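Next, two complexes with subunit A in common: one pairs it with subunit B, the other with subunit C.
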Partner chain A sequence: MSTSTIHDIGYRHYEGRRSGRAYVLRSLYVHNLRAAFGLGRPARAKIMPFLVAALMLLPAIGSVAAFAVTDQEDALIRYASYANIMQVIVAIFLATQAPVLASREIRFHVIPLYFSRPVGHLDFVLAKAAALATALFALMAVPVTVLYIGGLVAKAPDSGEQLLRYLGALVGCVLYALVLSAIGMVVAAFTPRRGFGVAAVIAVFMLSTAFVGAVQGIAEANTNFTLQGWIGLGTPFNLVDIVQVRLLGARSSSPGIAPGVAGGVVALAECAVIVVGSVAVLYRRFRKAGLS
Partner chain B sequence: MPIIATQGLTMRFPRVTALDDLSVAVEPGVVGLVGANGAGKSTLIKILLGLLPPTSGTASVLGLDIAREGLRIRETVGFMPEYECLPPDVSATEFVVHMARMCGLPPTAARERAADTLRHVGLYEERYRPIGGYSTGMRQRVKLAQALVHDPKLVFLDEPTNGLDPAGRDEMLDLIRRIGAEFGISVLVTSHLLGELERVCDHVVIIDGGKLLRSQAVEAYTTASGVLTVEVEEGRDTLGQHLYDQGVAVHPEGRFLVVDIAGENTYDLIRDGVADLGLRLIRMEQRRHHIEEVFQTEPEPSGGPPATGVVPQEASR
Partner chain C sequence: MNATIAMITFRAMLGRRRALLLLGLPLVMLVLAVVLRATGNDDLDVSTEVLQKVALAALLPLLALIAGTGVIGPEIDDGQIMYVLTKPIPRQVVVLTKLAVAIVLVTAFAVVPTLLAGLVLTGTTAGLTPAFTVGVLVGGVAYSAVFVALAVMSRNAVTIGLLYALVWESLLGSFAPGAKQASIQQWAMSVTDKLTSASPVESTVSLPVAITLLVAVTVVGTFLAAFRLRSLTVASAE
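Here is the complex of A and B:
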């Protein structure tokens, strides 16, 4: 017969290693990336992100299947267009998950616990923004990769050309992820209630798309294609698509594309402004939340 | 070396002065920081953590300067805020492990320390459940655990007994005493209730309106007074009359008699009086001062002395 006893050995001091800034930053990034998919939280927190991720994959799988059966190259969705075609799904993911990263810890006053530890304000913001961008990138890049690999297996022609287009599309996905997460985080960080946060992010995307779409429609009717192209800078998906078309050699999947390399450079600059501006705004927001 | 030292610390906000030329130094141990709501306690903690630069003045924590070595300070101290600061949808274990990693503890160490610390604060099986379902007492324990998980040298506990029922309050105070005595971690604990700090602290600092009112060891507040409390089973008034007739300054207070000690023979007079009258003496003890009396003897700017030992609330934000 074995008996086991729990010995209360009292309080023990920690003499072990304390890792520095890089480790803390990495832990924070991983923690937030897990949070973006509801990992480490109850099952119901996982439903939305995984459901949306599955929805993102379905068209890619269907497209590969159709291509394999029909052998029609048109059946394979163009890599660079995928995120744009699926923009509603991407926006839903952003709207439901950006508040998890940006406003949940503000709402429950957890922020001061970070800043009373050796966690820097900028590190904190960068870890969160990078985590959401990574989650979005995975959301978009996985189906694109499915398309590419499916195409390879089903022997799509011009494998060299396919690889180039695939890599170009991945760069596009990075850009989409950065711009979308920058916008989503800022909107969510200023709407502490989760429900409002979701609605606010959706509203920003829907309103900008509706407005830009309306102007583009009118411009097209007046055959003012220059305006139709430039106003595309006003909505996130169209904005990144301009960069893809003008600088990455993709085919357009948006109603209007700003003309020439200049259009692409302006669009890229706008993306950079959005990302840097978002980090600056979030820095101030979290710093303030850390003192309340 | 003092764990906390401030010199002329002043913090002015646009409309209020939270700290006004505060100079104080405290030695290791359990230190109480007492003041009304809005007396500047939480502001002082934020300044000491190096999160809020003071308007003027300097301070050091564990010998580290708040302006230049804030990061080093935050590595070696723990902080338990007064407000709710826990996400409801994660378990206590998950949360405390994460907070340990935020202090730089490697994954395995973070998990071990989190389990140990949660056990020390008295959370067992429930630590695997989401925090949202916890009672106030359990949440306070999780808040305390996250402040201790990285084995700090000093913890700031901001109103740890807030919202607890009397039993929970006693358990929390007992934990605070253990942190100081058994864990060997210095504690700065704030409260607006003097009585409870008297029970756990070695040293008490009292601030009011951002100014230092008093800073001294608890014994200094509670030194023996020149008063005896006498309790007899029956015949309190008979004994009182008897003593009064012999020229002893005596007055009744509740079930007791309070007797001024005039000299050694006061004790003899009471003993003889009890014996002569054939009364049963239950106790006779020298009364100690309570910290609360600071507020009854200090000239109060706001008028009358508070009755219950709660610092006057006139300075609320």
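Here is the complex of A and C:
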């Protein structure tokens, strides 16, 4: 047969300004951040994230109220401990929303549609991870801020000290958000079937907590506090808490804290490995999903 | 019971990586049990702690949630359930079959590993191992019925189940004693408590109440699932 050619049938070319990579990143980020709270989706997708966020806020409000009435400093939950105390709620939010961001598009095989446009693989992954991390940060930072402002209004002593602790807790929240979203996204990206992603993410958290908790309990009974501290690196919440205690000067709210500054540095390094590793794994995962 | 539906459901639950998820959970517990045994930390207190906190409070609700919602939830979501519902099979048979599959899965991946972990840890001392095995089994049946019903009724079944299992049973249970009365975990503990002479096992619910509630929850869950499936409206996927 004859050689085929593509004819120019006269469509007009686009010669205006291209919005560029930053615009792509921003659009993906905003879209995913909205999706993380179910905004722009039907009402039933909004129920769970907002219900969980409300649950997250309740103890903070209660604590501020108790502080205002009794005027005892113990009544105000420590800022840096809040995320750790409420870790079940945080884990449930992560488990329900990580699959929304990481597995829906894989499930419906629409990833190639993204990559048929000028969207880089890395940009795509970074925007998703950043969006989930931002959502988690908001989930944890809002109650902490409520605690801080409540404390200010109710006149907690040492306002300078309080501000310092509040800022330290915010840094901790950023770290929590990064580590948790990294783990949640990877697990969710590999379990695209509906419902399984949620269960898989929560399973990682519950089992690591149960396993580490059992070992810590036994180590404590044998007065082996070194093991009790180091094994804490095995669960995400305890891991970040080690960084908070050793490097940010918070008070411990976990059963075991690795000793010395070295413990904090090791924990911080592990956080970095988790985050970078997760981006690398997600990059490969989405690039492969984009080929089909 | 319908063998074909059971087959299809088993294949959906165990196909590809999903079996790994189901298998990985009990494996962690078994590894823990072996490590504890190897390091000599296998007295009655520790064994009770592991069997209660890991097997009954973490592994069982998780697996029952995965199995209970997994057998029917995804099919309803993507509309494949229509291919089953348009066959001349009574809806209650569909629900019973799915429930039976869920119970078999929970037995295989939670009850048997509990038995194995118990045997590794204590052998048959004080009847602890059989007691926990039976407790996990009756708890598993009740959990499965509840979660199958949830999956038929709501698209957020997994999250609601998580909130129940983690927030209601674990968190509120440790603050507000009243919440313990309405907790499948505590009812299962009550059965376990009756069957073992080991003193570290304590329950807060009396046995007759626990058994009545377990049976009631299972029956009501099954009926509710069958009833809701009769008038299921199938929407498009998301």
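Keep in mind that, in the parts below, the second predicted complex is superposed on the first by the 274 of 292 C-alpha atoms of A that agree within 3 Å, B and C clash if a C-alpha of one lies under 4 Å from a C-alpha of the other, contacts with A are read in each partner's own complex, and residues count from 1 in each chain.
Assume contacts are C-beta pairs under 8 Å (C-beta built on N, C-alpha and C of every residue); 3 or more make two chains touch, one makes a residue touch a chain.
All figures in this text were calculated on a predicted structure; none of them were measured in a lab.
Shared-chain residue A:27: touches subunit B; no touch with subunit C. In the superposition on chain A, contact of A:118 is made with subunit B only, not with subunit C.
In the superposition on chain A, A:223 contacts neither subunit B nor subunit C. Once the two complexes are laid over each other on the shared chain, residue contacts for A:110 go to subunit B alone; subunit C is not touched. Look at A:14: by the touch rule set out above, it reaches subunit B but stays clear of subunit C.
By the document's definition of touching, neither partner reaches A:72: not subunit B, not subunit C. Residue contacts after overlaying the shared chain place A:40 against subunit B, while subunit C stays out of touching range.
Comparing which residues of subunit A touch subunit B with which touch subunit C, the overlap comprises 41, 45, 104, 108. On the subunit A side of its complex with subunit B, the touching residues are 10-14, 16-20, 23-24, 27-28, 31, 40-42, 45, 104-105, 108-110, 112-119, 290-291. Of all residues in subunit B, those touching subunit A in their complex are 46, 49, 51-52, 71, 74-75, 77, 79, 81, 83-90, 94, 98-99, 101-106, 109, 113, 116, 120, 130, 146, 150-151, 182-184. Residues of subunit C that touch subunit A in their complex: 17-18, 21, 24-25, 28, 32, 36, 41, 46, 49-50, 53-54, 57-59, 62, 65-66, 69-70, 73-74, 77-78, 151, 155-159, 162-163, 166-167, 170-171, 237-238. Here subunit A touches subunit C in the complex through residues 41, 44-45, 47-48, 52, 55, 88-89, 91-92, 95-96, 104, 108, 190-191, 193-196, 198-200, 202-203, 206-207, 209-211, 213-215, 217-218, 221-222, going by the rule given at the top.
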